[in-house]
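There's a structure below that I have some questions on.
The chains carry the letters A, B, C, D and E, assigned in the order they are written, with residues numbered from 1 in each.
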Amino acid sequence: MLSRLLSNDLPRSRWLVALLIVLFLGLAFAPFLFPGVKALNVAAKVLIFVALVASFDLLLGYTGIVSFAHTMFFGIGAYGIAIALNAAETPSWAAILVGVFGALVISLVLSLLIGLFSLRVKAIFFAMITLAVASAFLTLASQLSDITGGEDGLTFRVPELLSPGFTLTEEPLQTPLGEVDLNGRLITYYLIFLSVTAIFLIILRIVNSPFGRVLQAIRENDFRAEALGYRTVVYRTLSNVLSASFATLAGCLLALWLRYNGPDTSLSFEIMLDILLIVVIGGMGTLYGAFIGSVLFVIAQSYLQDLLRMAGEATSGLPLLPALLTPDRWLLWLGLLFVLSVYYFPTGIVGKLRERASLARMKGQP
Amino acid sequence: MLETQDLTVRFGGHVAVSAVSCAFAPGTLTAIVGPNGAGKTTYFNLISGQIKASAGRVLLGGSDISSLGAPARAQAGLGRAFQLTNLFPNLTVQENVRLAVQARARAGLNLWRIWSDRRDLLQRADEVLETVALADKRDALASSLPHGDQRKLEVGILMALEPQVFMFDEPTAGMSVDEVPVILNLIRKLKEDKSKTILLVEHKMDVVRELSDRIIVLHNGELVADGEPASVIASPVVQQAYLGINPEEKEEVAA
Amino acid sequence: MSDLLTLKGVHTHIGAYHILHGVDLTVPANQLTMLLGRNGAGKTTTLRTIMGLWQASQGSVTLDGQDITQRATPDIARSGVAYVPESMGIFSDLSVKENMLLAARGARSLDDIDTNRLEWIFGLFPAMKKFWLHPAGKLSGGQKQMLAVSRAIVEPRKLLLIDEPSKGLAPAIIQNMIAAFRELKAARTTILLVEQNFNFARQLGDSVAVMDDGRVVHSGSMAELASDEQLQSKLLGLSLGAHQ
Amino acid sequence: NKNEIRIAHIHSKTGPLEAYAKQTQAGLMMGLAYATGGTMTVAGKKIVVIEKDDQGKPDVGKSLLAAAYADDKVDLAIGPTASPVALAMLPVAEEYRKILLVEPAVADSITGDKWNKYIFRTGRNSSQDAAANAVALDQPGNVIAMLANDNAFGRDGVKAAKDFTKKAKIVHEEYLPVGTTDFTAGLLRIVDKLKDQPGTKYISVGWSGAPTPFGKIAEMELEKRYGIKLATGGNILPAMVAYKNFPGMEGALYYYFGIPKNPVNDAMVAEHYKQFKAPPDFFTAGGFSAAMAVVTALKKTNGDTNTNKLIQTMEGMSFETPKGTMTFRKEDHQAMQSMYHFKIKADPAFAWGVPELVREIKPSDLDIPIRNKR
Amino acid sequence: MKLFNADFDWKPLGLVPALALLALPAVGSPSTWITLTVAGLAMGMIVFIIASGLTLVFGLMDVLNFGHGVFIALGAFVASTVLASMGAYTSADSLWLNLVALLPAMLVAMAVAGALGWVFERLIIRPVYGMHLKQILITMGGMIIGEELIKVIWGPGQIALPLPESLRGSFIFGDAAVEKYRLLAVLVGAAVFAAMVWTLNRTKVGLLVRAGVQDREMVESLGYRIRQLFIGVFVVGSALAGLGGVMWGLYQQTVLPQMGAQVNVLIFIVIIIGGLGSTLGALIGALLVGLMANYTGFLAPKVALFSNIALMVAILLWRPQGVYPVTNR
């Protein structure tokens, strides 16, 4: 049963299974295990990134297409919600539906266009075209002030049920680990949790379908795939469209969570890089990698500055080090993380764990 | 029934295939020979749609398929093994073949079935691997196979496609002597099934002599001879331009 | 007669796989040595190990009295070794001319290449002249093979390592190639040739080594092997009337 | 902890505005020390400042502010550097019913239509900038073309400038995107509009961010060729290096360390030289002012941090700053403050063009509209 | 010389004058047109200089160096330090003295950028040859690190980089004005272009590197030490970026730690238009981008933001591999 839910694509490493279970349970009970506004924010961001990165892995890891336009679709989703809720008199579920639907339609059209127009060109050209298109879209979003709020972005309200003002109990729930507000934010968190779980399982199913296998074949050798009778443009475009749609949904979730959206929030190139890095850290072409990578990376990124503050204080007597260890230079360490993870996880965490497992299996055999 | 009419392709000023008209009947194996660079592979490329013709038409079963792209032609029943091995290097041997089986079953656009549920496809892939003597390597990555095994896999993929027309481009090049018969037997079996059209490019003349029902000779892109194997091989153009022997000294027919 | 190249107990691993299990091989100077064996026997791996493209994990490779086991590939090449890989290693974006120019290491421009030698190559492989300015990637399979061999012989070398040169070549060209190797041999070039084509091997080889499963299982003179059909069938699975 | 007063300072410690943010933080800490006589305590309570980095990103700023109020239990927050971040943060203050003291984000809408009662601002707003500049520029016979960033900061600035320009004539508005690298084309458009106008011709520039158009304006020798002069406000010192090319240029600015004459400024300049071996810059004064505002209010409540009490106290409150006395206006909580009409002098002793005071524009000289709908 | 052999493709060269002529009626006033055109060409030349190093690295080594910008920023910062230390020369009212200051600034900037390039190649690029995706990530990482280190050394803010005295101002021809500095930029750009074309077409280096990208093992088997060669190319590419940084910084008259990141997309566009690795292509791409930016900036500033991208898309529709496709990659 569980195996079918996971589309028969099992983790294939005991350590990996353990890690996945721990992280999954951690996220499922995050509001109670790690009370506090910041922790909940981090957990929600982790979830949204899981969906976003998984959708990107469908494109990059499984189809072998390098696109820099993924955040564009993420942004479309976020703006869909933001614009719809901003325009609505009172924030309603209907407005949310309109936002999601509208965003999906726009993403569909755009991804179809990009796919049909440019998937014929060579891989690097495609990457660069998407980079240019994405930066054009970013500019557009920050220029159309009347619709998108320009560089300031849009701050909006969400339906009562999801807003912090909506409380289930008068008093916060007392737990051994701290107090937990049973309010709209908590409901939003679980809405996100369920949506992301569904999105993840659906993508997992897609990559393990016959279609998913063709995508891998195209990644390996598109010329040969054509000779077998697979129309690569169709497959690539479809993969592009699917991936864009899931990214759009992730964007919708982001906007619902933040109750704000602006160009830098969902469209920036930085996010694109984070996604790329997560895919690589986790292990390209393994959705479990997308999951693990997102959890580790988002947590690391969120707490890096705090960590540096402690490190900086610890080394305050030394020369030079404090200048490098201040929280202000957190990007330096993030950059280092980029470099080191490419060095040490050439096949990603999942790849590493699976290699170990298969080595162990080989040894186990006579 | 496969037919080409005045099939021509020019690369810049160079005419690689020049107005070749030829029909290939089901149940026959036609060998295509000619010196290196004669245009044999290019002729295959034109038929299977890998490159676009400058002029001329390709007909399959009477209908003109000239405007179709490579995938559509493959679906229409043109199957092709490549001269320079052309595999999915980082997939396993079994997956390489399975992709062909799946293409044959037209299951590629199914997004929702779990692929491992399609046991029928897997089974068929394993059968094919048996026939090309690769069953024991089914879980190896294609890229790690020695050259000869890669050639076998190349043939296996074509077998799995079960096309109407089989095009083999030097299937045994670089294959060790004891493996060659495996492939030849396969081709022989195909011949026995009288419905298939088989085209074979091969430089090993004894293979050609033994398998073919008919030989056509390409030279500088032109079709210069066509007929019974024995008579074509004996013709002066083959003897001199291709085999490089003068009629007098016939001692050692190389390779 | 001295040995130009000697392999002693060479073991090679590729990743986690142990491919060569102690190869012992000697290549006598100024002779043509044939390296035969079934698919997967380890012939290509042996050549790559000599060339330094794989590192031997154990054992030694000696060239002209020098231990080259640990040397880097460019250094091995500079000590006079030319290599024609199984996959031909054509630079497909460069023209035939540019491919040749690179192979002539000493030459800064084409004027520096020995024209007689070039003409000799053109004579062997007329296609090289015809497609001189074409991108090499557009050549036919056989023409690429010719280019790969031409590159190896554009300048005189001490030792040629050639992996299956005859595959994909038309019979006439094979004849030319046989002639070429004979001439090279006469010009005191040592050649180690991997072949599947036994006829070809028989015509050319002075001595022979047969590999199986990562080891050399037979070595001796070519004449001896050529006349002993039983040995052939035992070592190569070559039966009478086998297709060549 | 009832013996602490916890303050969050949320600012763009990293990102493109890092340099601005650093100045604010330095000013804030110096201001707190100055205001508490070096004790960092008010009414026996220790002031604890928690720094947070919004990276210039509105979403980050928003969640940091929520975390500061909820997890760190701060009593009030100061910041942020950029207007978009500020706008995203405003509703959070309202949700948590805690004060956000905006410094130095400029956009009018912060104390305008997006305002709520928990928002105070020590920084100037766009209108104050514009009104002050109008004092310098709004003379009969002047013909002005506006050049501004194509964003909220620039457009709000121009909108305000138009409101305050009564006697001069604005003939053209040119908006260029932030990050414009070649200003030639935009300037040519302005020249086209200006060159045949009668009167004294000005390009009035409202630009934040680098690169700036000043260098290009100098290269094109507009004054020599067409008699077109440059007018612009203040900026941070590295940006004012280009002002050296425009001796005699007039405008109005928010702060320059050599201009205000009062004990607080003297103390800040002296302290800044002591700590950093350099004069305080544009945004240092803002941080200092914010600190003064907070401590003044807390002294009045005797350390009580109850939000409603603080709001009551701060509405209409006056406090001393390096720019003289400021007063939080009751209606929109904007600090009314002096601006300075200056004239540039190229002094070889300084790397930058030195703004010399022409006239201090007192708060009472400026009629700053109230833009919120309270 | 390969550049002008018989079947040389002249069409792309025509694009630049074509664009200029097309703009003339749209702009109207000839003097404005001249000012814009000269400004555009000069900007194009500067863009070419900053992009030239990347063409080498990208086109020849097939390395997607997203960190190229850091060498640009570094060059600019180093130059600002050098020039600041030679205040007497830069503020002197003599062209010669100014150039005496500028030249060492350029050389030091190139040397420092080149040296960093060497480190970058060893630590960052080496493990990822042939792997585009990882190149993007690791070079981005390198760029972030570099940018942060610049902030540690020079501080996070902008630094003014005023032009030397005699390069300020413009030459006035009637109603048209040509900034002096832009003329210098054209000269430097032309020199860089000539040097690159010569090296790549007249020496074996270009061939070797192109071959090395396709099949490293084979090049080594032919006896070339490809490692050294790649290091060399990378160092030169970085040094050119350093030079570009000096030119760009002087052009902006300020230097910023982020300036490298700011031009990243721009130079990629230029290189794509040019055909990934073609020097002449990059020059044409840069000139087109420069002209386009100036014309649209004048005619329709809103559109200017998208003009580069529109230009690139148009070119790719015409020639899907850029104006001078170098390789089949």
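Annotations
The working rule: a residue touches a chain if its C-beta (ideal position, glycine included) is under 8 Å from a C-beta of that chain, and two chains touch if they have at least 3 such contacts.
Since this is a predicted model, take the numbers as computed values, not measurements.
The fewest steps needed to get from subunit A to subunit C, moving only between touching chains, is 2. Note on connectivity: the fewest steps through touching chains from subunit A to subunit E is 1. When the C-beta contacts at B-C and at C-E are tallied, the pair with the greater total is B-C. The distance from the centre of subunit A to the centre of subunit B, with each centre set as the mean of the Cα atoms, comes to 45 Å. Once the centre of each chain is set as its mean CA position, subunit D and subunit E turn out to be 37 Å apart.
Centre-to-centre separation between subunit B and subunit E, using Cα means, comes to 49 Å. Annotation for subunit D: residues 18, 177 touch two or more other chains.
Counting only residues that touch two or more partner chains, subunit E has 151, 156, 305.
Multi-chain contact residues of subunit A (touching two or more other chains) are listed as 139, 143, 328-329, 331.
Pairs of chains meeting the touch criterion: A-B, A-D, A-E, B-C, C-E, D-E. Taken together, the subunit D residues at the contact with subunit E in this complex read 16, 18-19, 22, 174-177, 179, 181-182, 184-186, 188-189, 192, 210-212, 215, 218-221, 225, 236, 238-239, 241-242, 244-245, 351-352.
Listed in rising order, the residues of subunit C touching subunit B in the complex are 14, 17, 37-41, 44, 86, 127, 131, 138-143, 145-146, 164, 166-176, 178, 196-200, 203, 236-238, 242-244.
Looking at the complex, you find that subunit D touches subunit A at residues 13-14, 18, 51, 53, 56-59, 62-63, 66-67, 69-71, 83-84, 87-88, 90-91, 95, 107, 114, 150-152, 155, 177-178.
Contact residues on subunit B toward subunit C in their complex (touch as defined above): 11, 34-42, 83-84, 144-149, 169-170, 172-181, 184, 203-207, 210, 241-245, 252-255.
The touching residues of subunit C, counted against subunit E in their complex, run 51, 53, 72-74, 77-78, 82-83, 85, 89-94, 98-99, 101-103, 105, 108, 137, 151.
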